[in-house]
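In the two assemblies presented below, chain A is common to both, partnered first by chain B and then by chain C.
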Partner chain A sequence: MSGYWTGIVTILAINVVFAYGIYLAVATGQLNLGGAGFQALGAYAAAWLCFELDWSPAWTIAAGTVVAGVIGMGIAIPILRLKGVYLVLGTFAFAEVVAGLILNSETLGGAMGLPVPAYIEWQVPVAAAVACALLVFYLMATRFGLAVRSVHDDDVVADLMGVNVRGVRVAAFALGAALAGLSGGLYAHAFSYVEIQGFNASLSIYVLLYVLLGGAQTAWGPLVGAAFFTLLPEAMRSFLPAAKEAIWTAFGVTGDISPPDESWRFVVLGAAVIAMMVFRPEGLVTRDTFAFPRRRSPAAAPTREAAE
Partner chain B sequence: MLLIQQVVNGLMLGSVYVTVAVAFTLTIGILNFLNFTIPTLFMLAAMMGWSFAAWGLPFGLTEPLAWPLALALGVAVAIAASLVVERFTFRYLRTKHGDSTEHAIPLVSSLGFLLVLENLVRIGYGSDAQRFPGPSADLTLSVGGLFFRIPQVISLVVVALIVLGLAWMMKSSRIGRGLRAIAENPDAAGILGVDTRRVVPVVFMLTGLLCGLAGSLFAVNYGEVSPQMGEDIGSKAIAGMVLGGLGSLWGAVAGGIVIGLIEMLTIHFFGADTVQATVWGALLLTLMIRPQGLFGHNAIGKGKL
Partner chain C sequence: MSLEVTGLEVAYGRTRAVRGLTLRVEPGEIVTVLGANGAGKTSLLRALQGAVKPAGGQIVYNGHDLTGQGAAARVRAGIALVPEGRQIFVSMTVHENLLMGGYLRGDDKLNRDVEAIYDRFPNLASRRDMRASVLSGGEQQMLAVGRALVARPSLVMLDEPSLGLSPLFVERLFGLIREINAEGLSILLVEQNTHMALETATRGYVLELGQVTREGPAERLAADASMAEAYLGGGADPAPAPA
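And then the complex of A and B:
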């Protein structure tokens, strides 16, 4: 594979792991807008252990995962008392605090960032992404997954039916934080450098968008969302200049046509987000996507209509 | 004396945060919608004001009249943009499934608008900061050894007038009563004759107006505009709103000023790099210890409209 494609495959795999981390929180109905904070924790833990103590990547990445998971659990217990908008703001504030603390930490390099001496090939993030996807698919098929789904749909009923709502939420949030930390550790070793400016609010926003636009109902959502929104900007890198040239030629302009501004990619992405929310707010992949080929009993259909 | 000067500076900075925080708190208090386009509208008004002034609009007017009119046009653009946002975000709040992440829909589309508007401005005018050709920001007034910059004093007065006017409007006018009724219970408000579809856009017009004014005041005070200017102000305003209590007008006022003071005092004692950690740390602590904030009541954020 060429360098360009290995770069894209690596970042795609990292984004998939990251998206699964946020997905676990979203699947219990908790919007986590602090993803960059957990990823930064994992990345800096791995980078520091590698740079200062010379640990091998396998151990640093594992340590990063554990650090992010433990801190995620510590923050989940007080923060998950919050709901809706408050929770969004709380997780967002957490990410900003993490970024602010790392920025002021001499040991972690402050604004300069940390170099990561040990390098991992693209196969490692890809293997991690596959393992994560399998893990989340398995989890969502277990009794725990059923509890997660019930808490997402209606926490009061879930509570009445004997689901430990708080326990499920904290567990899902902490596990999600650990996966976000894992993605951070992979990032640190794959790109050989961490700097805190990379783990900013936009990153938290993007990863939450991957999950919500992919669809939070099934474990396919984050995979599809991360793949779509990582590859879309890359596809537009070649598509947009071609489109501009076609439009300009159609209006009779000839000669040297400058490529369009890089920012157009984000305009298209934003417009796609708005359109998705208007036409398909439940995400690209839903439970109905897979229910379609199955045969429904004719008697059940009117009951379902009446219930809505 | 230097410390008192920092307190004065903090108050002045806080007044910009207050205006944006009030815009946030209105949409959250009435519609339970965290509108992420607010920082972008703030930036849009200032950037458009600058570009109108730079193009020589409004046509041929001489210096003392040109830039206030350009800023007024900028505010008008912000209000128009805010109404477009209303059309594409808030109208789609009701969902088919009714699950617990449904309140995220307008939030997510407002994030989409944030991307679109900010990058369109970047395409149009580049990412660099531009100098705003307003009055000199260096005119100072010295009272008892303390320095007050005159444009900032004027801004403070303007902000105070805006907040008082808004408080009066919410309390006494017909539209304000309608808005408060929707905040209490949208269904009951509808039954009692409040036309939700006509009243809700008013919130977005007010949002555009407040952000536009805040952006204009910022442009005049600091003499500089850039496509990134909204991010910092927006996050500080959110912090101020949460500190004061979501949905509370006076809470946003108090919170915005407190954040301005915290920022200035942190810079004074610990240096500029620690501002991010202290401001957001204050916010995180507030959310953990007293989520309703200083003045809010805990009914906000529990599923409305």
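And then the complex of A and C:
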């Protein structure tokens, strides 16, 4: 693969892991807008352990996952008392606090960031993304997954059925934070450098968008959402100049046509987000996407019996 | 196998919604709790199901003191609730809704009991993989009852089960209540439909302002003239709603 494509695949894999982290919180009905904070924790834990203590990537990434997971659990216990928009703001504030602390920490390089001497090839994030997807698919198929979805649907009735609503929420949030931390550790080693400015609010918003627009009802959503939003801007790189050329030519312009401004890619991305909110508010992939073929069989069964 | 509630107090801040309420459900009974809106019926059930902590009094089931314990303890002790307004999990399938009823069951007979629910409600069987939101109101109520039964309770509490159902489904629902009672389950029925409730129940309690003002066998309550006036619409017409 060319350097360009390995870069894309690496960032795609990292985004998928990151999106699954946020998905686990969203699946219990909680919007986590502090994704960048948890990713930064994992990234800086890995970077610091590698840079200062010379740990190997396997250990630094594992440590980054654990650090983010433990802090995620510690933060979940008070923060999940909040509801709705206050919870969103609480997680957002958490990410800002993390960024502020790192920015002012000399140990962690402050605004300069930290170099990460050990480098990992693209295969590592890809393997991690596959493992995360399998883990989340498995979890959602277990009794825990059933509890997660019941809490998402109606926490009062879930409690009536005997579900430990708080426990499920804290567990899902903390596990999600660990996955976000894992994505941070992968990022640190794949890009050899961490600087806190990269872990900003718009990153938190983007990863939440991957999940919500991919679809939060099934574990396919984060995968599809992350893929769509990582690949769309890249696809625009070649599509937009071609489109401009076609339009200009159609209007009789000949000769050398300059490619459109880079920022058009993000205009298209923004338009795509709005279009999806209007036409597909439940996300690209919903439960009905898979229910459709199954729905037919019970209805078809009596007809067959009648025919026999 | 009896539920004993003694001196129950439920308060929201300084408002006392239930005041020193004493109530009993013996094994195999259908007991109904009647009362106008705001009489404390919902607060009573919320306390019974563990959604609010009582400010005083005791809730004992089969010798287990459940006062101040959470909903999970009630389910384990054998109490299942069919909540008001059906409250099924709308984005989950019919089958998953039924599985949720047995969430706390660790035994391997869960699937057999879910199949038994399908035998009881063939309408649900043909929709098992559909989202519960596509069910009609009556089917949703059947699902809510089925979900409660999957927990293998010995006491089923129903909160306004006939609310919003067509007369035909109300008939079927009360038939179903008698049916599961005949299978040995005790029933605590909180209802607005006084007529149907008293016809079905063995005993009843009438709540006013959080207190029991009348109790006794259902026939006697139904025959009570003032009862009829207050709750059966047998007396003066209710005040017309302001235009």
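Assume the second predicted complex is superposed on the first by the 294 of 308 C-alpha atoms of A that agree within 3 Å, B and C clash if a C-alpha of one lies under 4 Å from a C-alpha of the other, contacts with A are read in each partner's own complex, and residues count from 1 in each chain.
Here is the rule we go by: a residue touches a chain if its C-beta (ideal position, glycine included) is under 8 Å from a C-beta of that chain, and two chains touch if they have at least 3 such contacts.
Since this is a predicted model, take the numbers as computed values, not measurements.
Colleague: Quick one: classify A:A201 as touching chain B (first), chain C (second), both or neither.
Modeller: A:A201 sits against chain B, while chain C stays out of touch.
Colleague: In the overlay, answer first, second, both or neither for which of chain B and chain C A:L269 touches.
Modeller: first
Colleague: For A:L31, using the defined touch cut-off, is the partner it touches chain B, chain C, both, or neither? Pick first, second, both or neither.
Modeller: A:L31: touches chain B, not chain C.
Colleague: Between chain B (first) and chain C (second), which, if any, makes contact with A:E234: first, second, both or neither?
Modeller: A:E234: touches no partner chain.
Colleague: In this superposition, which partner touches a larger number of chain A residues, chain B or chain C?
Modeller: Greater contact footprint in residues on chain A: B.
Colleague: Just chain B (first), just chain C (second), both, or neither: which does A:G84 touch?
Modeller: first
Colleague: Contact-wise, after the overlay, does A:G100 reach chain B, chain C, both or neither (first, second, both, neither)?
Modeller: first
Colleague: Could you say whether A:D261 touches chain B, chain C, both of them, or neither, answering first, second, both or neither?
Modeller: Only chain B; A:D261 stays clear of chain C.
Colleague: Considering only the touch criterion stated at the top, classify A:H152 as touching first (chain B), second (chain C), both, or neither.
Modeller: After superposition on chain A, A:H152 lies in contact with both partners, chain B and chain C.
Colleague: Hey, what residues of chain A end up touching chain B and chain C alike?
Modeller: Common interface on chain A, chain B vs chain C: 152-154.
Colleague: Show which residues of chain C lie in contact with chain A when the two form their complex.
Modeller: Touching chain A from chain C are residues 49, 51, 70-72, 75-76, 81, 83, 87-93, 96, 99-101, 103-104, 126-131, 147, 151.
Colleague: Report the residues of chain A in contact with chain B in the complex, numbered from low to high.
Modeller: My answer: residues 26, 29, 31, 78-79, 81-86, 88-90, 92-94, 96-97, 99-101, 103-104, 110-111, 152-155, 201, 205, 208-209, 212-213, 216, 261, 263-264, 266-267, 269-274, 277-278, 281-282, 308.
Colleague: Please name which positions on chain A make contact with chain C in the complex.
Modeller: Touch list, chain A to chain C: 143, 146-147, 149-150, 152-154, 156-164, 217, 287-288, 291, 294-295, 298-299, 301-302.
Colleague: Would you mind writing out the residues of chain B in touch with chain A in their complex?
Modeller: Result: residues 28, 32, 34, 88-89, 92, 95-97, 99-109, 111-116, 118-120, 122-123, 231, 235, 238-239, 242, 246, 273-278, 280-281, 283-284, 287-288, 291, 300-303 of chain B touch chain A.
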